[in-house]
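Naming follows writing order (A, B, C, D and E), and every chain is counted from residue 1.
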């Protein structure tokens, strides 16, 4: 796909001497990169390579990819769906690594005293989720498993914050969302997990890089991935500390964060064929649902050197 | 409230009006009998318009009070209609609608007749903005006259009119007043006009009533009548050569500073 | 302004010169490959997208649903804004009581209000219409209020002296005097009406051009985004033409 | 309006009666448990949140960063809007050429423009300032244009007959005549300035009250959302006070 | 461009002005000599203000042309200053700034002196909105007179003034004209005023010049002079009792319809 736009900033800096090079990383507040950011180890590592790190915060995956598309950032992480849309739109990026599965934290929630006991009861109900998010895929899979067609529910597209209000107000009968929102809702809002992602979706993160940057600075990306791996190890072994660091950032109580940390493993997986196949399945589902207009091949945008690792 | 005709007596008791330390009216005492026609003359800026605005209830007295048939006036004087010095036609209403404005249940005919009276029947359906200065003034006059108020207040209604039209309008005002006998106050700079129409001519000077002249002439008044000319001369002299020494002094010193 | 110039056919065309020129340049640059299609699609591509969306009837649905929301919201918000502006313009007490509160509410972005709107009105049509109404309310309020405040005091005085009170005073003098300003508010709010729809249609919407735009943004369909922008622009012009027609009719005396 | 009434201390208090009453009712209902705290926190909780955010200096940062963006955007957008309004108000040719284009641009929601804005200006400060400037531009343009159009033709004629031309005609007659309307645009755009910030600060921001609000919305921190709303309201009132002071100074002759 | 004094001759050649099918001026031919003082009289709505506006270049002739020293007038007449019938003070400028308006490099003193001349020196720093009708008119007069134009056009400059102030202002106008000798056109309803100041009095009737009377009286003119009274009477009679039979007929038929 199109690679005619340069990773503007970094390229500019390339020509003007090593010292000035900048790595722009897009992150979301509730992702693994925020851990790396708060540990501050990456900056130290890259300084020796003559790179400065600029962290750019995004509220949502699509917004992050928007920036990746025009070359405003070089590297970032999102959930599983945004890269599919971006590929459909022809954005110049590559997958460089996958995160660990986090299906335990993604769930279909219903109020504690709800009449909905099984997936089958979702028929005809109002279900809230963010359009084109991992939750969207999860609910499609869940309905598939229960033998309900997508037309038999009443979907309501809501971003997590709005969905929470609608859920608590009873405007929707069920809500599909991811951690730490799941944990927070479970613990604080009398919600019950109807089903989580187990057996339905692996719900991985993906690490993405600008096409040109990935080609030019293979070594830098290696360093970043390594740092992510290390920070993930720290996170996996320091749940309490992690919750304490994130709590003021996300303004979510430590209990919920602890719960979500405990049912999730941080880390990096190489882009194996299985993972790529999973991702392809998601893409095909979106084609079927007419969320993206044409079929795409995920393999095309996997960073070649890494895909076979 | 239907205005009552010809039975409104106005009494000003020690009325003063002060604008930012400038005493414009200074203890005016005056009784206007029911159905009387009064003309007010005086130098530019002496407080004639202010007096009319007080009578219409558009300003409040700073001292003293105005009694309408014995009751003190508070707020707008609903029984009065005032023709403003600056016309104040509504630019967004056609001429005829300006005349009709505020008329209750009155027939169309009345307002067309009023326009006819001021010779502007054929301009009824034009915008006021397209009229000449004198035409605007006549529309405002028609608007004031079409109401049948208890008190009619006219602030230089004929200032922008030529001699011929002016005579016609004077006759019109007198005629309508005779028919309805409302208490009327006319501010004018034309002493002849004052003598031709009014029962009494009042001169305001330094915020006070300096001169108060009853006109004892039969109506319709003939301008050629020798007594008419006498009245005019007397009043004009009083205005032009102010009797008070203090004023005389003031004027002389002021004039010294002028270039001519 | 006014009718004289509007009759000359050239005057009807000139205003479109700049949009048209821009369009041509844009197409030219795109055809020459100076603007990558992925980032900013060429006008013809946008046109293509429009045709495709029209074929399926999708575009018509989006527009008609948005139009419904827009009009209802406009009517509600416009009426409230007008009435508030009127009362605060006419009555000192009302002004003292309400003006500060309205000035405070005005600055609150709709995006920040969404959680509260969902809380109060749920996720259905009501909340969408509420947001449009809220957006429309302020410009109408503001210009009505200001228009009434700046009516020639001399004319109001004259009206009172001629026995006009309450409604007849309002209808004869205050309203016509404020009308030109009120119509400015009306014109402005017609634009705001379309603008707020996009926020409104982020609340669990399945259709509407705001939804179309935000959906396209999420899926990075630049051609649809640009199409939405073009649609908004055309709606803007349309609203403006309507507003000007009304102005032309009501403000004849001023021409 | 005017200075006379502003001197009475009671008149300074009355406008706050309604916001204050609402506050008390809200606190009361919340204390009684009629409003679940998770959904709509009580005023005291919001106050608490404000205190906490102030302690860390976070709130001050958010506000000062937003203020910087707001002011720069306002200056740029306001100037452009003013100049455009001026030219289109004064010159027929300019009006014919540009007015339609501006009316069309006006309706385009900033949210829909974000992809293009990122394309043109990247994700840094420039794009945020651009959006604020764009938001401020239109009300200023609109009211300037309308104000100039509605200056008394008789006075302009008089000025010309007295040898005024070009700048001196503008400065002596057109500008003062349009001023009251221009100030309305100014007031309105001060509100819009804050409103658009929230959209601007959805573009990869780390700070600013718009960011604070949207971040809180994402994580459903209702107390912070409400705090942001209250801040917006206070800013709205503050802007209004500034605008009114300027009005009071420049429009003395009208009081 | 510095206005040139006293050397502007104006020629109207067959000038017509039509407003929506209403012919207001109908083929006017008139030459105003350089430095001449002309007074124009005529019925309300006869086209006096229109004529002045044409001379100022604020309207264009529908037929014919206006020559200033032989060159046809196009656009604003920069050499002329007009005092409008409706004053047109800028409400947002203090009185003194209104007078100063448009003055280039002229000293403050000039405008204060101009205010002094119209007796309003002490109101220099007030808003025009606070003045009385006659005071506003005097400010407008001061503003017109402070310029030293080639052509001075005055549209009823004294309509709102009392007899005393009016005399003063007449003297002022004459004095300043004598000093500067600019070509002057005065529209007035006061025939005495016309005879007192003007070299020539022109009557407009039915869009044409119906009467054109040279006033051969030495200056300063004495109102008590018997020839003065003769002039006044002759002109007044011509206005009041229009000689043309057609007009006579018109007036009579119109009057029939009136209520009085």
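Following the convention adopted for this analysis, a contact is a pair of C-beta atoms (placed from the backbone, for glycine too) under 8 Å apart; a residue touches a chain by one contact, two chains touch by 3 or more.
Because the structure is a prediction, the values reported are computed rather than measured.
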- May I ask you to list the chain groups that still touch, directly or through other chains, once chain E is left out? one piece
- Message: Once the contact rule is applied, which chains count as partners of both chain A and chain C?
- Response: D
- For chain A and chain B, let me know how many angstrom lie between their CA-based centres, rounded off. 85
- Task: Could you grab the centroid distance between chain B and chain D? Build each centroid from C-alpha atoms only and quote it in angstrom.
- Result: 50
- Note on the structure: Touching at least 2 other chains, the residues of chain D are 39, 114-115, 119, 202, 214, 217, 220, 254
- Can you tell me which residues of chain A touch two or more of the remaining chains? 66, 70, 159, 161-162, 165, 169
- Message: Could you pull out the residues of chain E that touch at least 2 other chains?
- Response: 86
- Note on the structure: Pairwise touch list, complete, is A-C, A-D, B-C, B-E, C-D, D-E
- Note on the structure: Note: in the complex, chain D contacts chain C through residues 1, 5, 11, 14-19, 39-40, 92, 96-101, 103-116, 119, 138-139, 142-143, 146, 149-150, 180-181, 184, 187-188, 191, 194-199, 202, 210, 213-214, 217, 220, 222, 225-226, 228-229, 232-237, 239-240, 254
- Message: Touching residues of chain D toward chain E in the complex: what are they?
- Response: 154-155, 157-164, 168, 172-173, 176-177, 179, 251-254
- Message: With touch defined as at the start, can you tell me which chain D residues reach chain A in the complex?
- Response: 36, 38-39, 114-115, 118-119, 122-124, 202-206, 214-221, 224
- Message: For the complex, give me every residue of chain A touching chain C.
- Response: 2, 4-5, 62, 65-66, 69-70, 85-86, 88-92, 128, 131-132, 155-159, 161-162, 165-166, 169, 171-172, 291-293
- Which positions of chain E touch chain B when the two form their complex? 19, 41-45, 49, 85-86, 113, 116-117, 119, 130-135, 137-138, 155-156, 159-167, 171-172, 175-176, 189, 191, 236, 239-240, 254, 257-260
